[in-house]
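For clarity, chains are labelled A, B and C in written order, and residue numbers in each chain start from 1.
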Amino acid sequence: MTALLSLSEVEVRFGGEDTANAVDRVDLDVHRGEIFGIVGESGCGKSTLANAIMGLLPDSAHVSGSARLDDREILGIGEKELRALRGDELSMVFQDASASLDPTWSVGDQIAETIRAHRTISGRKAKSRAIALMEEVGIPDAAGRYGDAPHRLSGGMRQRIVIAAALANQPKLLLADEPTTALDVTIQAQVLQLIRRLRDDHGTTVVLITHDLGVVAETCDRVGVMYAGQLVEVAATADLFAAPRHPYTRALLAASPSVRTESRRLATIPGQVPGPAEQVPGCRFQPRCPRRVEQCSVTPARVPLGLTSAACWNPEPLPAAVAEGLR
Amino acid sequence: MTATAVAPPVARRRSPRASTRLTIGGAVLLGVLVLIAIAAPLLAPHDPETVIADQVLGAPSMEHPFGSDALGRDVLSRVMYGLRVSLLVALSSVVISTAIAVPLGLLAGYFGGWVDTTVSRVLDMILVLPALLLAITFIAILGPGSAVAALAIAVIYLPILARVMRSSTLVVTRNDYVLGARARGAGHLRILTSHVAPNALGPVIVQASILSAFALQLEAALSFLGLGTQPPTPSLGGMLSEGRDVLNQAPWVEIFPGLAIVLAVLSFTLLGEGLRRAFDPRGVAS
Amino acid sequence: MSSRLQFVLRRLLLTIPVLFVMSIIVFLIIRLVPGDPVRTMLGFRATDENVEQVRRELGLDQSWLTQYLDWAGGLLRGDLGTDIVSRADLGELLAQRLPVTFELAGLAMLLAVLIGVPLGVRAATGGKWTKRLTEGFVVFGVSIPDFWLGIMLVLVFAATLAIFPPSGYLPFAVDPIENLRYVALPVLTLAIGEAAYILRTTRSAVASVMNRPFVSFLRAKGLSERRIVGGHALRNAAPAIVTVIGIQVGVLLGGAIIVETLFALPGVGRMVVTAINQRNYPTVQVGVLAIAAIFILVSLLTDLIVGWLDPRVSDGAAT
C-alpha cells in the first residue's frame, strides 16, 4: 500500500517562540483508501493538525514541516493553489453541521456551489448532480428538499448535506473533524455508516478526528493517538485496543467507558494536560507518566513495537496473550 | 475544536489600554470645555451681547481672535457663552431622562409581568415618531426655548435608557446574591436599592454618556432651526443660523461655533466609547 | 396558509395600532397648547369674532372624541384641512412639498448606501490601513452635525468654487440638470453622516459573519474570499444592514428638516419649521403626520424585506 497523505515533522505554533507547539513534530502516513482515526482529548492538537493540512489556520499560526498529498507538497503553497485543491482533491467536514451551512442559502445550492467552484458546468447540470449526491447520502425526496433552507432539516440530515458538499467533487482525501459529536447516538451511527459506505463505494481516503474511542472502534481501520500536540502511538485499530504500548494510550483506554478493557472501574489520569505556555521537554506525557525514566526529557521517535508503533522510551509490556499470538 | 477556537479570543478584543486612553482623552477634552463654559464670564474678552457698530463682520484679529459677527459682537465670547448654554441643555436633558428611566427600567426588569408590559408598551409609543420630529412636535406644543428643548430631548431618550436599564436589571436579578438576599427574607425595596440598582447602573451610565453627544447635536439643531435657545442669548446652533446669510463675507462667524460643537460632540463620543469598552465589553448598551 | 404569508399579514396588522397611536399624538398637538391655541395662533390683535370663527372651523368647540372622529374621518377621506395663514388647501400644499422631501431623502439614502456598504465590507475584510481610514471616516461622519457640514460644503462648493448654487430649488420636471445642481449639496450633506452609520453597521455585521464556522466550511470547499464575502457574508449581513437603513430613514427625515431649512428647499420639513414659528398648527399637524407616516411605512417595508432576506425570521424560527 502506498501513502496518499504523508506528513513529516509537521509543527504548528500560535504565538511567540516561548509558547509550546500546538502540533509537535508529527510524522504520519495515511494509506490510500483507509479510514484513519486520530484520537485524543480536546485541545490535544488534532483539529489544529487537520486545519493545518487544509491551510485553514489563521495567519497568526506558524506552520512548518511537510505534508504531501499524492506526492505533491501542500503545506506552505500559495492561496490560489490551495483553493484549487480544497473542495476538489482535499475536503473537510467540521464538527457542527448546523454551523457549517450558510443559513441563508438553500442546502442544494450549497452543494452545487462546491461543484461549480471547481468544474465548468452549467447551473442545471450542477443542480442535478447535487440532487444525485443528496440521494447518495440518503436524503429522502432529494429533489424536493433541494431548495430548503438548512434550518428546515434535522441535525442528522444537515450533516449528510455537509458530507455531500464535501464529497461533491470526489476528493482523494476527506478530513472529518468530529463529524458526529453534535448528533444523537442513533444518528451518529447512521452517519458513521454513511462515511464507511462512501469509502467503500468511491475509495475515498478518510481521516476521522474524534475524542470518542467507541467511534474509532466502530469505524476506523487504523488509528493514531495524540497527546498535547504529539502523535504518541499509531496502530491498526484492533491492535491498539488489544495491545497499547504507550502509557498514555493505555491510560486513555482505561479511562474510556465505551471500550473499557481491564478493570471494572473507570480509571482517571493523575495530573493535567500542559497548557500552551508550559514547555515540557521531551515527551509531553512524562510529568503524568507512571513509567517515566530519565531519557523521557529527550523526545522519543516513534518506533515499531510489534503490532504498533509508539513514541516511548519505556513502553508498556506486551500483554501475555497477545505475545503468545505473535509467536 | 476548529481553527477559530484555537486562536486565543483575547487577541481580538481591544486592549484595555486603548479604552483607557479613549476615556481619558474624552474626559480631558470634556473637562476643558466644561471649564471654559463655567468660567465664561471670567474668560470671555468681551460681553457676548454688546453690539459694536464699527466691528460689524470684523475679521479675526488680536482684539477679536474669532472675529465679530453681523452685529459687531465678539465671536469668541459668544462661542464661550454658547458652549455654556449648549452643554447645560444637553447635560440636563440626559440627567432628566436618566432620572426617570432608571426607576422605570428597574421596576420593569425586576418585577416583569404586567409591570414590564405596561412600561414597555407606553415607552414604545414614543418611538413611533423619528427623534427630531418628536422633539419638534413637543416644541410645537409648548413653544420654543432652552428649557422646552431640554425636556423634548429628555423624552426622546427615555425609551432607550429605560430599555438598557431594564435589560441590565434582568441580568443582575438572576445573580445568586439577589436570590440569596431574597431567600434571607429581604424586602423588594431593600433588594432593589442595595443589590440590584447599584449593579445594574453601569450600562445606563455608558449609554447616557453616548447619548450626551447626540443631545448636544440635537440642541444645536433645534437652536439652528430657531426652536431651541432664543436670541439674543448666544447658543452655538443659533449662531450658525444667524451667520448663514453672511457666510460669504464672514465665514469665521460659521466656522468657530461649528468647531466648538464638533469638539464637544467628539469629547462625549470618546468618553462614551471608552466607558463602553471598559465596562460593557459585551455591548449591552449599544 | 404559508408561514411567509402569515408573517406578512401579522406585520401588516401590527402597523394599525402604530398608525393609531401616531394619529393620536398628531391630533393632540393643537389641543395640548397651553392657554387658548386659537388665540396663540391668531395673535393678540385678532378680534374675538375672528377667534370664535377659526375655533368653529377647526371644530375646537366640540368634545375631544367628536373632534378626533371628525379629524380622523377627514384624513381618511383625504381632507387635510386648510392652512391658517395662506388659506391654501393643505392636501395640495403637501402634494407640492412631498416630492422635494422624497427626492432629497431618497437620493441621500441611495448615495449613503453606495458609499457605506462597499466601504463597510472593505473595513471588515481589509488590512490595517483600510480599517484606520474607514474608522476615521466614521468618527468624522458621526461627530459632525449635518447642518454645520452643510454650511462648510456651501462655503467650499458654492461660495468659493461656485460649482453649485448655495440654496434654492427648481423642480426636476422644469429643468432636470438645474434640479440636480440644486439638490447636490443638500444630498451630500445628508448622505455623509448616514454613510458613516451604514459603514459602521456593515463593518460589524460582515466581520461577525466572517467569524462564523460556516465560513471555514466555505473555505474548505475551495471558494475564493471574494465569493465568500460577496455571496455569503454580505447575504448574511443583509438583514442587519437593512434594519439599520430602516432605522436611519427616521434620522434622515429629521436631517431633512434641518437641511431643507439650511438650503431653502421647499419640502415638508421646512414647511413644518415655518409653520411652528407662525403658530400655524393645522399645517404643523399635516407636516408631522406626513413625515411620521413615511417613517412608519418605511419601518413596515424594512421588516418585510428582512423577513424575505432571512427565511428564519418569516418561518418564526429562533435566530
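Going forward, a contact is a pair of C-beta atoms (placed from the backbone, for glycine too) under 8 Å apart; a residue touches a chain by one contact, two chains touch by 3 or more.
Given the structure is predicted, the values throughout are model-derived calculations rather than measurements.
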| item | value |
| --- | --- |
| Which two chains share the largest set of C-beta contact pairs | B-C |
| Per Cα centroids, the chain farthest from chain B | A |
| Chain centre separation in whole Å, for chain C relative to chain A (CA means) | 54 |
| Euclidean distance of C-alpha centroids - chain B vs chain C, Å | 22 |
| Residues of chain C touching at least two other chains | 213, 216 |
| Residues within chain A bordering two or more other chains | 56, 94 |
| Set of chain B residues in contact with two or more other chains | 2-4 |
| Residue ranges of chain A touching chain C (in the complex, touch as defined) | 54, 56, 83-88, 91-92, 94, 96, 99-105, 113-114, 117-118, 149, 151-152, 162, 165-166 |
| Footprint of chain B on chain C - complex, ascending | 18, 21-22, 25-26, 28-29, 32-34, 139, 142-148, 151-152, 154-155, 159, 166, 211, 213, 216, 250-251, 253-255, 257-258, 261-262, 272-273, 276-277, 281, 284, 288, 291-292, 295-296 |
| Contact set on chain B toward chain C in their complex | 2-4, 125, 128-133, 136-137, 139-144, 213, 217, 220-221, 224-227, 237, 240, 244, 247-248, 251, 254-255, 258, 261-262, 265-266, 269 |
| In the complex with chain A, residue positions of chain C that touch it | 212-214, 216-224, 227, 231-232, 235-236, 238, 309-312, 315, 317 |
